[in-house]
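Report on the structure given below.
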Amino acid sequence: MTAVPRPGDPVITPALVAEHGLTQDEYQRLERMLGRTPTFTELGIISALWSEHCSYKHSRPILKTLPTTAPYVLQGPGENAGVIAIGDGLAVAFKIESHNHPSAVEPYQGAATGVGGILRDVFTMGARPIAMLNSLRFGSLDTPRVRYLVGGVVKGIGDYGNCVGIPTVAGDVMFDAAYEGNPLVNAMCVGILREEELIRAKAEGVGNTIMAVGARTGRDGIHGASFASEDLSHETDAKRPRVQVGDPFTEKLLLEATLELIGSGHVVAIQDMGAAGLTSSSAEMAERGEVGVVIDTLKVPVREEGMTPYEILLSESQERMLVVVTRGREDEVRKILTKWDLTAEVIGEVIADPVYRVVEGDRVVAEFPGTRLVTDCPQYHPEAKESDAIIALRNRDVHAVPERAEERDPAWTLTRLLESPTIASKLWIHRQYDSTVRANTLVGPGAGDAAVVRVQGTRKALALKTDCNGRYVYLEPRTGGRIAVAEAARNVACVGGRPMAITNCLNFGNPKRPDIFWQFKEAVGGMAEACTLLGTPVTGGNVSLYNESPIGAVYPTPVIGMVGLVDDIDHATRMTFSAVGDSIVLLGEPTNELGASEYLAWIHGLVAGAPPRCDLVKERALIEVLLESIRGGHARSAHDCSEGGLAVALAECAMSNREFMFGANIDLSTWKKLPLRALLFGEAQGRAIISTSAPAAVLAIAAHHGVPAQTIGTVQSAAHGLHIVVGDCTFDIPLGGLSEAYHEAIPRAMRRAPAETVSSELAAGVLS
Amino acid sequence: MKVGIVRFPGSNCDEDALHAVVDFLGETAVMLWHKDHDLHGADVVILPGGFSYGDYLRAGAIARFSPIMQEVAAHAAHGGPVIGICNGFQIACEAGLLPGALLRNAGSYVSMPVIIRTERTDTSFTGASSVGQLLRMPIAHGEGRFTADEATLDQLEANGQIVFRYVDAHGNATPESNPNGAMRNIAGVTNVGRNVVGLMPHPERAMDRALGSQDGVVLFESLLVAANV
Amino acid sequence: MTRFRVAVQIIPRRGLLDPQGKTVRDALVTLGFGSVSDVHVGRHMVVETDAKDAPAAEASVRAMCERLLANPVTEDFTIAGVVAA
Amino acid sequence: MTRFRVAVQIIPRRGLLDPQGKTVRDALVTLGFGSVSDVHVGRHMVVETDAKDAPAAEASVRAMCERLLANPVTEDFTIAGVVAA
């Protein structure tokens, strides 16, 4: 059989090929694969499958350098989600994904559908989702459009996850002009399954039935995958019809029905119809199963009349799944779906013939040979070269930056830094997320360095966190990539979790630019080093390229989603001081490093200098000290030093829990030779603050692991404030001003903007 | 005692309620499917939180028509204890089992711990509490602004049907301690018969010290008190 | 039977506090629409239904409003128009 | 200057999924309104504003819709009526 053009199909012209984003070489490759001119439908299919988003054509060779194995990794990259074993016959499925471009165009629906997609990736593995995380990057909150995006994105994430009933427990948010026209919206989902229930998206068994389950197919989001693979230009507005609307209630039904289906044993494979919809889900399942498939578009339930095979195949309508059903069990499958008020239609079959065939009734509209459809995609090895401008920025002597007059009072600087939205409390955001549903959230958003979520029925818990400082990666990608992993691991260790594995979302600019591709290669290289040394293999992830706006590329932002294992729920540890008289121990050491810091960016408007050094061996030792101290019952709180340095970390330990604040006496005279601003606000890596009633025990553990450690003070009552001594200098900083700066910065910015907040609420339909 | 927990298609706190009843209270529980007409002999009914039918129209508007709700209404009419938590409260109001309505919050969706004050102990779910007792538990809702006209509110006060109010740490019902703009800081109400109680906060998420509060336990223990009467 | 399209408006009952309307008004004022004195936000619904004639269609949608579409405690509704679809 | 009351209807753009409309339709059908074929749910807003005449009031509300009241990406709006308040 061979595909023939449908009546009314456009003629394949070079212009049409270009419109589909294929280069001439790629088009010729397609003709060679087919041995003939493609039909319009085939061109559409290939344009989606060979988009960067689906094919990884620029990134795959680099991704291969990431470590992916450990004895407990049950499923590495290549499936809907990665899976690791955590003992007791239980496993964790988790994955992160970006929805940057849809969110830039329509923040509410863009973010909501991003959450929906990543949830499906996890429950199609047979896992029940138990936690969501989100990693967000926006421009400056001074810009009305940014406030509108923040309002819409947060509401979109919240409304979707809240309705499905999955707690959103952690994440990270940064604000920098680099993300002005192109925000980053990455969502991560974590689920639990019994090892034996793990199911893979692999079409198997000739004669088995292929069914479409869930929502009907409409014209929404056609070519979303290619959209995600382009720069966000001025023309983006014209692409608005690509917006998809989320329906979390249907998702909830789909979630329950899917888990019931998997439990029933009637299904062989399940895959979400995500990017490139029916096309990519069916092609990928066939490829993994090394079989052929045939799909009849006339049988796909549609929402609108007159949809062509092209549209049906490429639609990105949400809340749909493709299911391979054991032949003869179709009725049982329908029965389960009917229980959940969903429908399932037979739309195709697994065949022995190694072809990917799409028919419209009797007519073949697309046919590709064998499994080459997925595997034969083009691959590029673009040129990589570091930008001279960035080299110059990195080499700037940032120590020569003169202090501002106000800085003579470090209290001023500290207060300003706590006001920086990147550092300030994110309560305004996570208050809109249900973080306590499922009644397992031991440490929720804002309470610890990572979230801790109990594994029901056991004493165990998961420690979860996303992280990445894009500014570090921008100034020195390899170091930045390492730090992203190290910081995520440190955060997980601070709450009592042993870092186990990561998922990652690589948000970069246009890979065809040598400077961007250099960032990509280097950053992934740094990640690989860190993952290897810290023993946290990569089990999956997502690549989001072309994150550019008219003002340029975003900071290279490889977001790390870390999963750690807490052995016993009693080890769950928060970040804030909790008992007067406790000793405060600093693990790790301050250095004279200021480059790439929030201090320079926020106080001096300067993004320059080299990011802090990251010694992975020291990071590993620090993690051991944290875990041993926590497991030994010695740590009442633990908090790492990150943006804003030691002073900000101490202030956070003191006042970030507004209900229970504590003061502290701190003596940093040991490092009085360091420039004060580097000591207080420098972002030296490998550090954490522990409060403890047993400082000797903590110091002994640190000594055993060769980690520098020192008691730097004691916890006092809130009224005492922060009392900091450095040599001859003494600073007394009341908590009131610090707390006001830290807690009010984001609410104040958003209140200043009733119009932006209202329009996102209107967009969300909340005001109706 | 046997507790029936209604499962609407979009319920998402049903398992938390189950966990609270079975693991913390040690009582038996049975899940009640929304399409069924059978309470399976439940002595007490929980309408759990969630988004019953998506709740895109009004929270609880569609759920009240589901088959199981006829049985729940009949159970309530005979004095059987029913508690509506969050979405369950919304459903109970829509179904006319409780007075008033729950409208969009004055602000946005809000997820946070709150403190509520017990106002009445003469209901099926507060017998083990004491008047003025402060209870800490999470809320997580977008439509929790309790609303009724002034006459109805006065009548509720006069009848002693206001069961919980949002208060501050000192037990005062202040505007700042009101998380959603509820009229007169009302967090929970009861019917005239005092056997149906609805509240927006989640007692089933406050059963365990590891989760920060055990103050929800008293509502469930009250059932045992009521059962012994 | 003919198919009709019936438009309904569901609005919060007057006299009840309408924080949403107030929020929108405040936002409009900050955006420079200073002459706005009041805003009310309600639902606009279009129901497509088969009926033997327009009055029947209207009666049926009225019943839908009473049973489901409007909350009798807090909302009023008006049928805004009935047209053959 | 006169005070006008301007009614606006804001509806989800055609072709986009309307989950709200869909669930309401399904509910109506289950409730026995089997002849309902479709439901669309949008917002109905009434803006009270001062303007020199009705066309000016309408133009000003149109501007409010474009800037704030309607989402340009997912919604369309129509001005349903302008009356002196």
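Points worth noting:
The letters A, B, C and D name the chains in turn, as written, and every chain counts its residues from 1.
Everything below uses one rule, namely that contacts are C-beta pairs under 8 Å (C-beta built on N, C-alpha and C of every residue); 3 or more make two chains touch, one makes a residue touch a chain.
All figures in this text were calculated on a predicted structure; none of them were measured in a lab.
Of the two chain pairs shown, A-C and A-D, the one joined by more C-beta contacts is A-D.
We define each chain's centre as the mean of its Cα atoms; on that basis subunit C and subunit D are separated by 9 Å.
Chain centres here are Cα averages; for subunit A and subunit C they lie 40 Å apart. For the pair subunit B and subunit D, the distance between C-alpha centroids works out to 35 Å. Residue positions 20, 24, 27-28, 31, 41-43, 68-69 of subunit C are each in touch with at least two other chains.
Subunit B has residues 53-54, 56-57, 61-62, 65, 104 in contact with two or more other chains.
Annotation for subunit A: residues touching 2 or more other chains are 247, 249-250, 341, 755, 758-759, 761-762, 765-768. Because contacts link each chain to all the remaining chains, their graph is best described as complete. Listing the residues of subunit C that touch subunit A in their complex gives 20, 23-24, 26-28, 30-31, 41-43. Residue ranges of subunit C in contact with subunit B, taken from their complex: 12, 15-17, 19-20, 68-69, 71, 73-74. Within the complex formed with subunit C, the subunit A residues making contact are 754-755, 757-759, 761-762, 766-768.
Across the complex, subunit A meets subunit D through its residues 105-106, 108-109, 215, 218-220, 240-241, 243-247, 249-250, 303-304, 317-318, 341, 755, 758-759, 762-763, 765, 767-768.
Partner subunit D is touched in their complex by these residues of subunit C: 1, 3, 9-11, 24, 27-28, 31, 33, 35-51, 60, 63-64, 67-69, 80.
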